[in-house]
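Have a look at these structures, which come just after this line.
Both complexes below contain subunit A, partnered by subunit B and then by subunit C.
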Partner chain A sequence: MPRGWWTRRANYFWYIVREFTSLPLAVWLLRFLVEVQRAQSGPKGYAPHSSTAFVIFSVICLGFALYHSITFLSLAGVILHFKVLDRPIPSRLVVLSQFGAWAAISAVIAFVLIYFAR
Partner chain B sequence: MNEHSTKKRPAFDHLFFWFMFAQGGVIAALLIPVHILVQGILGPLGIVPVVDRHYDTWISILGNPLVKLYILVLIAFPFFHFAHRLRYLLVDLGVPAAKSLPAQAVFYGGAVVISLITIWLLLTTAPLSL
Partner chain C sequence: MAAKRITIQATRFDPDKDEKPRLQSYDVPFADESMVVLDALNYIKGHVDGSLSYRWSCRMGICGSCGMMVDGVPKLTCNAFLRDYWPKPITVQPLNNFPIIRDLIIDMDDFMEKLKSIKPWIIRKQELPLGAGEHRQFTPQIDEFRQFSQCINCMLCYAACPVYGLNDGFLGPAATALARRYNLDSRDEGLKQRLPMLAEAEGVWECSFVGECSVVCPKGVDPAKAIQQTKLDTTMRFVLPYGNRD
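Then we have the complex of A and B:
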């Protein structure tokens, strides 16, 4: 394939963006791991990431994370095929269930992260 | 070719990496955005109290075995997904060396190393408590 093929059409570009989302998300998870490691420093040595640069980085990562989630969960309707009483469940319903599960799981995790901070 | 040499065997390594790739994609899609939103944005900005903002709440929740298992799943599965995607990103961008065996060892081996580091950190950071 010619160099720069992915810049020639919008859907090629967004395909590459989807693949690229892995990089910022990996870096963010490594930062999360650093925060786990920092807890070894004890109460005086522990300092969570709080800088403006970190918040800006997180906002950028959130954009990539949402793009990964939306594209990945949308594929569920293509990949997953279920039947109830011998009738196939519409792919639209399968996708909706994935997004519903995402919302519910996110709400539970947010509750745990905030509730146990008190 | 004799019958023995043509006998097909299940490709367990292929099965393993595809399982990890698919599950890693699902886990990354379902779990990562809310962590970034709450722990990366809302917490540092002081909009909501978050468990990792203070040592005592963070070390307390890290001691829970279910939380340790959750963090292992949160880190390990997505890293196998990321390794696969980033390797194929390089292939798509015209780096054929990314298909090679050494490249596979680097990417998937990296995911294994990150998983092992995560296990070690979770076992050594906070004593188990319920």
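Then we have the complex of A and C:
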């Protein structure tokens, strides 16, 4: 395989982008775990990074997380095959249910964070 | 009006003379809108250079012999119309990810070994006597595996798969699709015999879901789906108490 194989076709390129998103996300999550560990010692120990560079990095990571999640959930219809009353559920319905569950779980987490932060 | 012509740049490689493959250009008349790349290759072989070597047989997308890289994309050359490329020249190369034997002919031994390893035939624990009658199947049971049974072993999916290109130990798309075809067949009882090949690290778990295998399949088979569903099945067999069925 030539070193630049992933530049030969758009699908290869976007596949590599999808895989690459894991790296910055892992860095961001490690940083987040450090913050959680610090928060155990109370509000004084909690000092989230607030520099402009980290905010920009976080926004980029959010974009990567959304891209990775959307591509992953869109594929759920390919992988999951359920039957109800011996009839297969259409893959589009499976995908929609995945996105619905994602939205619902995100809403619950947002509610908990916002409600308890007050 | 002068007849239309098209340039075909075909890979030439003679292992006895050439160090590496090279491209050679041929000027081919494009007389008929229904002409395909295979027709152009046949014209070259018949009228210009009889030494050009390539595989083909049925000329109707059934045998799976004439798979080649057409402008860098794995295609059956009997299904790649010149009108879709004209007036630009067309580059025809042997399928990616396989050793070249000569010109446009690849060595398919690795694929044949992999195909054999997943036992692509119906396995019964105990054969019934002929007098016991046929193994009956109903339409919903056939629908379970019908799509995967359309595979014609053309190997375009292997040429499109960068995972196979990087690691030729990977079982690959078509072999997995055919394993799934038989595992889903209500007459088959060979799942446990195929599982060792499918569930090992270089089986389905090597796939990182690029998805190009399904994009290039000329028969509408979805090998990526077969691989991901097999991943799910093997996981369920491992984690669920009732999953370890035959």
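Simple rule for what comes next: the second predicted complex is superposed on the first by the 111 of 118 C-alpha atoms of A that agree within 3 Å, B and C clash if a C-alpha of one lies under 4 Å from a C-alpha of the other, contacts with A are read in each partner's own complex, and residues count from 1 in each chain.
Here is the rule we go by: a contact is a pair of C-beta atoms (placed from the backbone, for glycine too) under 8 Å apart; a residue touches a chain by one contact, two chains touch by 3 or more.
Treat the numbers as computed from the prediction; the structure is a model and nothing was measured.
Student: Check subunit A with both subunit B and subunit C modelled on it and let me know: fit or clash.
Tutor: fit
Student: With both complexes superposed on chain A, which partner does A:Asn11 reach: first (subunit B), second (subunit C), both or neither?
Tutor: Second partner only.
Student: With the two structures laid over each other on chain A, which partner does A:Glu19 touch: subunit B (first), subunit C (second), both, or neither?
Tutor: Once the two structures are laid over each other on A, A:Glu19 reaches both partners.
Student: Of subunit B and subunit C, which one contacts the greater number of residues in subunit A?
Tutor: B
Student: Quick one: classify A:His81 as touching subunit B (first), subunit C (second), both or neither.
Tutor: A:His81 sits against subunit C, while subunit B stays out of touch.
Student: Let me test your reading of the model: by the given contact rule, A:Met1 touches which partner, first (subunit B), second (subunit C), both or neither?
Tutor: After superposing on A, A:Met1 lies in contact with both subunit B and subunit C.
Student: Going by the contact rule set out at the top, does A:Phe116 touch subunit B (first), subunit C (second), both, or neither?
Tutor: A:Phe116 sits against subunit B, while subunit C stays out of touch.
Student: Under the superposition described above, what is the C-alpha centre angle at subunit A formed with subunit B and subunit C, rounded in steps of 10 degrees?
Tutor: 90
Student: Subunit B to subunit C: minimum CA distance in the overlay, Å?
Tutor: Here the least C-alpha separation of subunit B and subunit C stands at 6 Å.
Student: Where on subunit A do the contacts with subunit B and the contacts with subunit C coincide?
Tutor: Dual-contact residues (subunit A): 1, 6, 19.
Student: Tell me, which parts of subunit B touch subunit A in their complex?
Tutor: Against subunit A, the touching part of subunit B is residues 25-26, 28-41, 43-45, 48-62, 71, 74-75, 78-79, 81-82, 85-86, 88-89, 92-94, 114, 117-118, 121-122, 124-126.
Student: In the complex formed with subunit C, which residues of subunit A make contact?
Tutor: 1, 5-6, 8-9, 11-12, 15, 19, 75, 78-81, 86
Student: Using the touch rule from the top, collect the residues of subunit A that touch subunit B in their complex.
Tutor: Per the stated touch rule, the residues are 1, 3, 6, 16, 19-23, 25-26, 28-30, 32-33, 35-37, 39-40, 42-43, 46, 48-51, 54-55, 57-59, 61-62, 65-66, 68-69, 72-73, 101-102, 105-106, 109-110, 112-114, 116-118.
Student: Please give the residue numbers of subunit C that touch subunit A in the complex, ascending.
Tutor: It is residues 72-73, 97, 140, 162, 165-166, 208-212, 215, 222, 224-225, 228-229, 231-232 of subunit C that touch subunit A.
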